[in-house]
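Multiple structures follow.
You will see chain A twice below: alongside chain B first, and alongside chain C after that.
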Partner chain A sequence: MRQRSLIAITAALAAGALTLTACGSRDSGDKGSDSDNGGGTVVIGVDAPLTGDLSAMGLGIKNSADLAVRNANKQKLVKGVTFKIESLDDQAQPSAGQQNASKFVSEQDVLGVVGPLNSSVAESMQKVFDDAKLVQVSPANTGPALTQGPDWQNKKVRPYKAYFRTATTDAIQGPFAAQYVFNTAKKKKVFVIDDKKTYGSGLAATFTSEFKKLGGKVVGTEHINPDAKDFSAVATKVKNSGAEVVYYGGEYPQAGPLSKQIKAAGAKIPLVGGDGIKDDTFMKLAGSEATGDLATSVGAPVEDLPSAKQFVADYKAAGYKEEYSAYGGYAYDSAWAIIEAVKKVVDANGGKLPSDARAKVTEAMQGVAFDGVTGKVSFDEYGDATNKQLTVYAVKNGAWVPVKSGTYTG
Partner chain B sequence: MSGIGPPEPGEGTHARDGGRPRDPRPPGRARAALTAWYARRRRIAIALAIAAVALAGGGYLYATRPHRPPPREDRTPTQLPYPAQVVDMTYLDGQATPAGAPPRSFSFAVLLSVASGPPVTVTRVTQPYAGLSLDTEPSAPFRTKSGSARKITITMHVTECEKAPKNAGLPFLDVTLRNTRAIQVQSFILGPRYAQELSRALQVACSNKVG
Partner chain C sequence: MNELPQQLVNGLLLGSMYGLVAIGYTMVYGIVQLINFAHGEIFMTGAFGALTVWLWLPGGTTMWIALPLMIIGAVVVAVAIAVGAERFAYRPLRNAPRLAPLITAIGLSLALQQAVWAWYPEAKSARTFPQISGGPFEIGSVTIQTGDIFLVCAAPISMAVLAWFVLKTRTGRGMQATAQDPDTAKLMGVNTDRIIMIAFALGAAFAAVGAVAYGLKYGEINFRMGVILGLKAFTAAVLGGIGNIYGAMIGGVVLGVAETLATAYIADIPGMDKFGSQSWADLWAFVLLILVLLFRPQGLLGERVADRA
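Our next item is the complex of A and B:
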């Protein structure tokens, strides 16, 4: 009897152990499996400059959106749906962006688009997407008019319901830079330069307005050609103006050489810009004398955000060749916002995509809210991010180092 | 010949009929004793084998068990949130200026809230403009726990009207925040209503003749 009991207990233990071992094996065997959803494919378009001067930022956007899609598929976040990325290169050109927008609209599987980088490109895409009710979430556009209309300083009117963004606008970024330059850096005379593009001229305008209100003096203004690399004439004007600081509205391919040539002309004064210059390529172009140059950027430094740790680790593990750059976290959150909106629509439709999925996804985007890489992600009545953080960075020892952070709570 | 055929069953390897454990025909005595002996030995052998499998399975499970992160309270400070990431400050409204405040003073209230993490201590509140200074009620330092909010009354004094920002578009307060992770100075840009009311208050303060 005792022997039989021993056998029974031993057999039960063994069976239990084998069952549990089998469970463990199955769990590890699922890693990396991201298909077998048994349902439809939803394509998320990505539009960004993937070639040319601004490709460092554009490729960071593309890779980060791709990472979001991989994670959603791995988690089987939307049952029955497999997400895919289709990326198109706009070369930072509005005309190319518009063509890409039309292509995405013509492909029925595309239910949302992440991008673009440039506000001027966004202007050319907005109507195309809005007419097709295809939602667009930009991780990087900062031009206020895109969400609040051309007369945003007096009367905010949202022009397109299909346009959203996860980045903070220049309506906050420009004045924040002005406050830092005037109050903290104690610079009272500024020379303002822009590249005549939507982003650059808009940012320079919001900076100038606040700088003047604070009592600062604009001692000169200039516009440069974005295709140029020789800025020696402008540099000489800066030198002769007696400016204590230069504000540049534009992007790093021009900002780097501009900073270098201003210093070479004998004006050892800092160049200040917005998020468009906050890329490591700026230092390569500007050289060692860039120390002390400043940039504001939308969002808090990624290393300060507990929510970004997983993103940084996942991005590294995924083995992308390029850095995630200034907008990686925002691109991940933009793609994730589209995925969340698709999930809402599918859940509300008995687990299937409805026939008017695009319109429904656009509608659902307004109510999307989640804890993203960059903090809490949701949108206000204009389609702007409700999370509005900014950081001032300074060049120190060849790197951008955060020197001041702000939160807009208005 | 392929050399592969149905193997002959060896001794003690006869499969039992599952539903009929006992042969209806009793075997001979000698054979019965041998079978019983083998059966006894087999039981011991099977018991030992099962025990070995159970031990091996248990050992495997123990070795490959999922490693859970330590509980939150045991985490090192580097895993806690930075104070600026969990604190929010919003503008409420204008307030009556406390009795005894110096001339050219005005007051307003803000609400400071802490969303998560350890308690946050406000060690200092300043504003960046020349020509202004401020006091807070409660006076810094003061501590706010996670999940709670605290109303702070700020009284500003104009020290030099010429230097005060009478028309700032996006004025802010600099707040020094401390928790067990870090000390940070965060600028809180309180929005257009604060900007308008600050401008109005400064214009009033600086239009008054002070005896």
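Our next item is the complex of A and C:
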């Protein structure tokens, strides 16, 4: 008996060891061919939640970045350089994001990273990338502190030179939503809910301060737990508060059930959120009563921009299984920005990648400017997108329909 | 408007679901002293079992027909997985040190999550669960959702069936005997292997009913739904007195009501507005748990923890 279990353990260990070596050899196979960095392959890392609740957005980011790389390779945009995507899953967890960042840094042929989706994950990655001078372009982070420092309301200081983003910040998105709700939708009493994460609480805070400034009244606030699914207690509070509208700072896995449960509790009022709820999964979760719910999202509607039509067509033609989701266009532009920066560096170095390619690419990123999927793409002195357009979407017949586009001017 | 009745109903509904899942923890613990951390995932597979039946039924089937079939589907899947887990994961470790089955349970929980994530069609994000049509019911100032009606009926019925089974049937008495002293029970002719398997199966069946209630209540199910709910149900089992089946239900209800009331009212206490939101409700629930365990270490209805140690 004892012997048999010993054999079993040995067999299990051997199988495990084999699997591990198999992984190991594949990794080194990836890198082996071009370790000299003299042209050849440039890897663009993608970090996003590819599993879990937020995977609908994460997979859209991954596919769109992949599409950018495919197009660049097809057009032979940078002579002698083939781009490749390596995507890692951060599960929307800061700890996993940081491990992924270290992994990208350790691989010499990674010259830029697209991602992550979550501001909280970005916080854990920024320093790792900055220390390695590896450029990072996020398609989706909207937390203002990421580019303008923790004290961004009073004194803007850029904390990390290697961090850029193509998304607009909450400092613009929250107030934009507040103006729409107060001025256009004429709702004066709001109930503010957030999920306490970097993104959600930041958005709720910027919304609240602008809404109060406009003369609106906050009749209640509530913080929910991102793990929770039962919001009936909160919904009852909302109903009894007499609010005309609910503002939610957070993401669609909670926003959907929250909207549904608020309406079920008898408060037939719209729920308004940021780009984090603008995903088709929201409708799936919120059910038929979601009609009239609003979301702001960065940029003009992807489907309406002429530059975006090509992207949508290409995306369809490439046959990805998942939708490009809310950040697809931004992810494409983020990857494209890295490609453009690499092109600049290669062109300046006589058609070859320099030995300190990472630092050079990071430097070049500051000056990148091109017409992307989401409009003109370039970065200001903090690494923020110069494109400050936003759009309000409403749920209509089970889909997000753009109702108003504009720029927030403060 | 006074929101207390509504909040109590909210808490009662949430707590009934905790209770249905907690029964599985408490039964298995009562008989083999194993904390079956994979129970939350068995609950989750039950929900997917019900969804599978729904997808297999022709579109437009009325809920009156579909619901019983879905419950059967949920129970069959959950019981099959629980019994399989007992036979192949836990039984070989029955005489091993206590930690070994515990770690096995945690591993099994992760494995089940990933299996559903990887192989169930489109389970990588949430899947919608069929809903019972018809508007909410209003009783005075209290609103009860159509989906919750199922929970309101299922929880007490399940509890009554369980009590009858444990107290009145031969197998139930065998169960009590095994819980008291497995060796003596065996000597008296009780087939303890069978009893243990039935304990796992019963726990899984109640979790499956809870899973259908979860789907009807929230309209969506996903591969991680068992993690937090399992943890809460385990807490409910401890609160009520682990090993005691009535304790599981009472612990569940107390926990659910405590969470709901904490969300609703703590913020109104002067100086406590920072600690009153829903994200703090879990904290208050655990404060309650600690207080209960401080004065009654055996839980609300617990029994004889001392002679186990």
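The definition used in the following text is that the second predicted complex is superposed on the first by the 368 of 410 C-alpha atoms of A that agree within 3 Å, B and C clash if a C-alpha of one lies under 4 Å from a C-alpha of the other, contacts with A are read in each partner's own complex, and residues count from 1 in each chain.
By definition in this document, contacts are C-beta pairs under 8 Å (C-beta built on N, C-alpha and C of every residue); 3 or more make two chains touch, one makes a residue touch a chain.
It should be emphasised that the depicted structure is a prediction, and the values quoted were computed from it without experimental measurement.
Visitor: According to the stated criteria, A:I172 is in contact with first (chain B), second (chain C), both, or neither; which is it?
Guide: first
Visitor: For A:T386, is the partner it touches chain B (first), chain C (second), both, or none of the two (neither)?
Guide: The answer is neither, since A:T386 touches no partner chain.
Visitor: Looking at A:G266, would you say it contacts chain B, chain C, both, or neither? Reply first, second, both or neither.
Guide: A:G266 sits against chain C, while chain B stays out of touch.
Visitor: Identify the partner contact of A:Q75: answer first if only chain B is touched, second if only chain C is, both if each is, neither if none is.
Guide: Neither partner.
Visitor: Check whether A:Q310 is in contact with chain B, with chain C, with both or with neither, and answer first, second, both or neither.
Guide: Neither partner.
Visitor: Going by the contact rule set out at the top, does A:S95 touch chain B (first), chain C (second), both, or neither?
Guide: A:S95: touches no partner chain.
Visitor: Taking the complex as given, what residues does chain C use to touch chain A?
Guide: 1, 3, 6-7, 10-11, 13-14, 117, 124-126, 128, 131, 136, 143, 145, 217-220, 222, 224-225, 227-228, 259-261, 263-264, 277-282
Visitor: Within their complex, state which residues of chain A touch chain B.
Guide: By the definition above, chain A touches chain B via 3, 6-7, 10-11, 13-14, 17-18, 20-21, 24, 172, 175-176, 179, 183-184, 209-210, 213-215, 300, 304-306, 375, 388, 404-410.
Visitor: Can you check the complex and tell me which residues of chain A touch chain C?
Guide: Interface residues on the chain A side: 51-53, 55-56, 195-196, 221-225, 227-234, 236-237, 239-240, 253, 256-257, 260, 264-266, 281, 284-285, 287.
Visitor: Using the touch rule from the top, collect the residues of chain B that touch chain A in their complex.
Guide: Within the complex, chain B touches chain A at residues 43-44, 46-47, 50-51, 53-54, 56-58, 60-61, 64, 79-82, 84-85, 88-91, 128-130, 163, 165, 167-172, 184-194.
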